[in-house]
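Following are the structures in question.
You will see two complexes here that share chain A, one where it goes with chain B and one where it goes with chain C.
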Partner chain A sequence: MDKNAVVEKLIKLLEGSLGKSLVLSKDSTLLGDAGLESIQVIEYLCEVEDAFDVVVDEESLSHVSTFGDLASVVERISSE
Partner chain B sequence: MSLFSKFDAAAALESTLSSMPVNPTSIVISKVVSASEAIVNGRSTIMAGTNNYLGLTFDADCISAGQAALAETGTGTTGSRMANGTYKEHLQLEDELAVFFDLPHAMVFSTGYSANLGILTALLDADDSVLLDSEGHASLYDGCRMSGAKIYRFKHNDPEGLAKRLSRLGEKAKDALIVVEGLYSVRGDCAPLKEFVDVKAQYGGILLVDEAHSLGLYGENGRGLVEEYELKDDVDFIVGTFSKSLGSIGGFCVSKHPQLKLVRYASRPYIFTASPSPSVIATTREALKKVQHGQGLREKVWHNAKHLYKAFAELGLDIGPTVSPVIGVSFQDREKAFSCWQDLLSLGIYTNLILPPAAPDGGSLIRCSITAAHSETQVDSIISAFKKVCKERNVGRLN
Partner chain C sequence: MKITPLNSSLPLRNASFDTLVEALEYAAEGETGYNFYDGRGELSSVLSYKDLRLEAKCLAKKLVGLGLKRGARVAIVAETDPTFHRFFFACQYAGFVPVALPAGFQIGARKAYVEQLERMLDTCGADVAVAPESHIGFLKQAVERLDLVKAGTSDEFDTLHESGKKLFPLNADDIAYLQYTSGSTRFPRGVEISQKSVMANLRDISVHGLKITEQDRMVSWLPLYHDMGLVAFVLLPLGSQLSADYLSPRTFGMRPRLWLKLLSQNKGTISSSPPFGYALCAKRLRLTDQDKYDLSSWRVACVGAERIHPEPLRQFAHVLKAANFNPKAFVACYGMAECALAISFEALDVGIKSMQVDKDKMSSEGLVIPVSKVDENTVKALTFVDCGKVLPSFELAIRGDDGSDLPDNQCGRICLRGPSVMTGYFQNPAATEESLSSDGWLDTGDIGYRIGENIVVTARRKDVIIVNGRNIWPHDLEYLAETLPGVRFGNVSAFSFSDEKGSDQVVIVVESREKNPAKIRTLVSELSALMTENFGIVCHLDLVPPRTLPRTSSGKLSRSKAKQDFLARLELFNGGTQVAGGNG
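Moving on to the complex of A and B:
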């Protein structure tokens, strides 16, 4: 799966979770553009882990701001 | 960027809070009348937002024990447990905790926060993995962060989510630390401990349960949720605090593992903190006896909890599915939550207002807690106030 496809899947997951359509791209931020509170980010990340069958430690997420950043982390961990 | 520019966000938050008619973070209690009543904003107020579950803060025996310790042993120890701060009473409390929990090892810390920091930073290092419930208390998260261990969060109270993560950790799972609480302090829900223990049995791991809010409330002897579910042999570490049901301040860890004794040499939050003052130790020891023989107190708090929960359910409030002495009333609208909280306060009912990002699922919440010290009349007053406010604010079923 290329990075754009990962980003698309990440956004679809969030839409499913929130139950509404979102206008988001790889440069959209989780906290700002997607409007998630920090506790919602944790719940969302749990869904991401399940969807991609990975386990992501908090340190790996420390520089994640956008969906593109998150896609890079998921890609890296998936390939390990 | 200047050293102080990091406070810009805090300044903005303070400004927002200060602009509210009543700043929910700046409530001042001008006089404590009893374990369930205080003077707030100049008026008599029923305290329905504390952690004083058994109402022991004004227990006559606890007060006498504290006063005697002050007179006999002084105001403070002025040193850490590793230096001049270990009095025989600290060791007696540790022995009594071990007996109380029916476990061989116990360790006392100066606060509940430092107990969690102290245990987690001693147990974990950068080579370790820790799996933490997504609604775990800040002290648990901070301890995990300070340790440098790899932190994996799983969805709140989700044994299946924990199992998936342990499975993905492979070989590392057997040495991973699993961290959950007993009773959760915001919504008043309990961990499915039996299911977590089953997951641990399948994948391995070391299980730590924080009984901060469940101590005194659950189990035949009030030991907490681990006792309630008869899981003592399946749990590796129990941590907790003296500042809730015991009405004091301090923290503890008990365990079946002899390595707990060695934590004293490896835990910086333990080594570099002044030990609890003698009066604190004395009131805690007395309160522990009350908990041990506190069936009457437990019956009272659960009676009150059931009464309040039933009334809130009848009002159609958005509350959790579990009856407990903590009832979190959820609101999707932050302004409405604030208005209701403020109205309740003006009617003489103090509750806790919890706004994003502190509230679970991004909503807002009014946390109401009930204790053994609340009289029937006080519980009815709390219910009447909620009824009035909900009707006026168009909340729940009465609109």
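Moving on to the complex of A and C:
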């Protein structure tokens, strides 16, 4: 899967869990642009881990700001 | 790997020890201990009290070998992991003071988290700091500008040589630990709890609050850097020789149903959560899941740490009825780190007792006038939950603004005295003097009323904002808003109100000269993004003209008045729709 496809899947997942369509891109931030609260981020992360079958560690998460960042982390961990 | 059993094989002692070391020495003669479960709910490690004693003593000798002075602070990034327990008790044996540091952080907020760790390490004057592998990167960055003897992972400490010197454990008059739960992220304050204080509180909780027996088993997902996580689920099971099973807070946030699974499979009897945890669990539960669990063993489900609203609890009990959850297992409780942990518990096997009181009488005169079912439609009512009887070693007083003791059913400041009260805020005499009188009375800053020896809390901690069990201090939000160009220093007021569903809503009122609607929109969205990125919360932003925010006679902003004004504007805007308030 290329990075754009991962980003697309990440956004689809979020749309699914929030039950609404969102105008987001790889440069949108999870907290600012998507407007998620911290507890929602944790819930969303659970869906991401299940959908991609990965476990995202704290260190990697601490560098994540945008959906593009999250896609890179997911890609890296799944290729390890 | 096998979990530690329910029975310790020892005669039960309800925390009747002088120190934590004595408590561990006794528990280590039995079979019980701590069990850790991973992100998928699988058992990942087991630490019996027997092994803990052995490992803590060995680690204590290594720490002593570093040449630290007695009472030196050892900071532990408190991930839910045996590292925490080993270091916490190594300190007890070595005569050092453990300090738990938060292991949770906001996604992407690396800088803010590292700064928070640095401030905490600095204010407690830590000589040594340890973090699990998952958090070592943050810790190493946080200590760069500090002068620590050693900071590393647990493995790095294991390579140290054991000192040949005799160990001198902390004794009854020493500090047992420092607890950072109180105070803001910018000005963290460490609560100083002595061995005597914590042991007195553990005894009270074990004997009177929870009436612990050999048949109890504890289950928890609460963070170990939080007083409820540390005292109730690390120290209490140890003091009462019970086994405890852990999930990490992150695991709970991601997969709350694992909490129920663990309680069900290990037949847990005692587990606690702030109200939001029960609500989250109920929300994420599938109806088809219910018969997967058997929660009939769960006899005490404590609810505390934030204002309790009965509705989400009713919902939790309703969806888990088929799983044999007993609604009478709910036990409302009240406590704070400044009293080690617990102050009051509702009686067991009663459930949540709520009452409706006249809103106007309470906000104008602080008077508690019950509203009967008949009056419900004509009188605006507030709902409060009885937090039960004050534990026997406390003296309770409800004080008015002039310091006089108030009678039953009258709101005032909740004040307490007793052996579990902290000795003070660590190396912070100004803050200590503000809340602790020379004759030992602690002014909790919380507002409430008494009915005999029972406490009802109506508003927590002056201005503190509580979102999903997390304390957020308004001046941290105000400070952040003021960093934005176009916002002036001292022109921001942050507070929260409780909406009709009982959730806390955060409001930030900002004075601005801006009149251009496009620029106003930009400012609002910038402010909003700033708050979510730094605190992970969604705020209501209210831009008002200059000199709108109410000030006291000394020129200081009045948050409570600002809140009243905001609620009045909101009520006007909503065409008189009532906003449930009462949080201050």
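Everything below uses one rule, namely that the second predicted complex is superposed on the first by the 80 of 80 C-alpha atoms of A that agree within 3 Å, B and C clash if a C-alpha of one lies under 4 Å from a C-alpha of the other, contacts with A are read in each partner's own complex, and residues count from 1 in each chain.
Keep this in mind: a residue touches a chain if its C-beta (ideal position, glycine included) is under 8 Å from a C-beta of that chain, and two chains touch if they have at least 3 such contacts.
Keep in mind the model is a prediction, meaning the values are calculated, not measured.
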| item | value |
| --- | --- |
| First (chain B), second (chain C), both or neither touched by A:80 | neither |
| Chain B versus chain C as contact partner of A:38, first or second or both or neither | both |
| Partner chain(s) touched by A:53 [first = chain B, second = chain C, both, neither] | first |
| Residue contacts with chain A in the superposition, chain B compared against chain C | C |
| Touched partner set for A:30, first chain B, second chain C, both or neither | second |
| First, second, both or neither for A:62, with chain B first and chain C second | second |
| Chain B versus chain C as contact partner of A:2, first or second or both or neither | neither |
| On chain A, the residue positions that both chain B and chain C contact, one per complex | 36-39, 42-43, 45-46, 49, 55, 57-59 |
| Chain A contact footprint on chain C (complex, rising order) | 39, 105-110, 113, 134-135, 137-138, 250, 253-255, 276, 280, 284, 467-468, 470, 528-529, 532-533, 535-538 |
| Partner chain B, residues of chain A touching it in the complex | 36-40, 42-43, 45-46, 49-50, 53-59 |
| Residues of chain B that touch chain A when the two form their complex | 129, 134-135, 145, 150-156, 158, 161, 164-165, 168-169, 356-357, 359-362 |
| In the complex with chain C, residue positions of chain A that touch it | 29-33, 35-39, 41-43, 45-46, 49, 55, 57-59, 61-65, 69 |
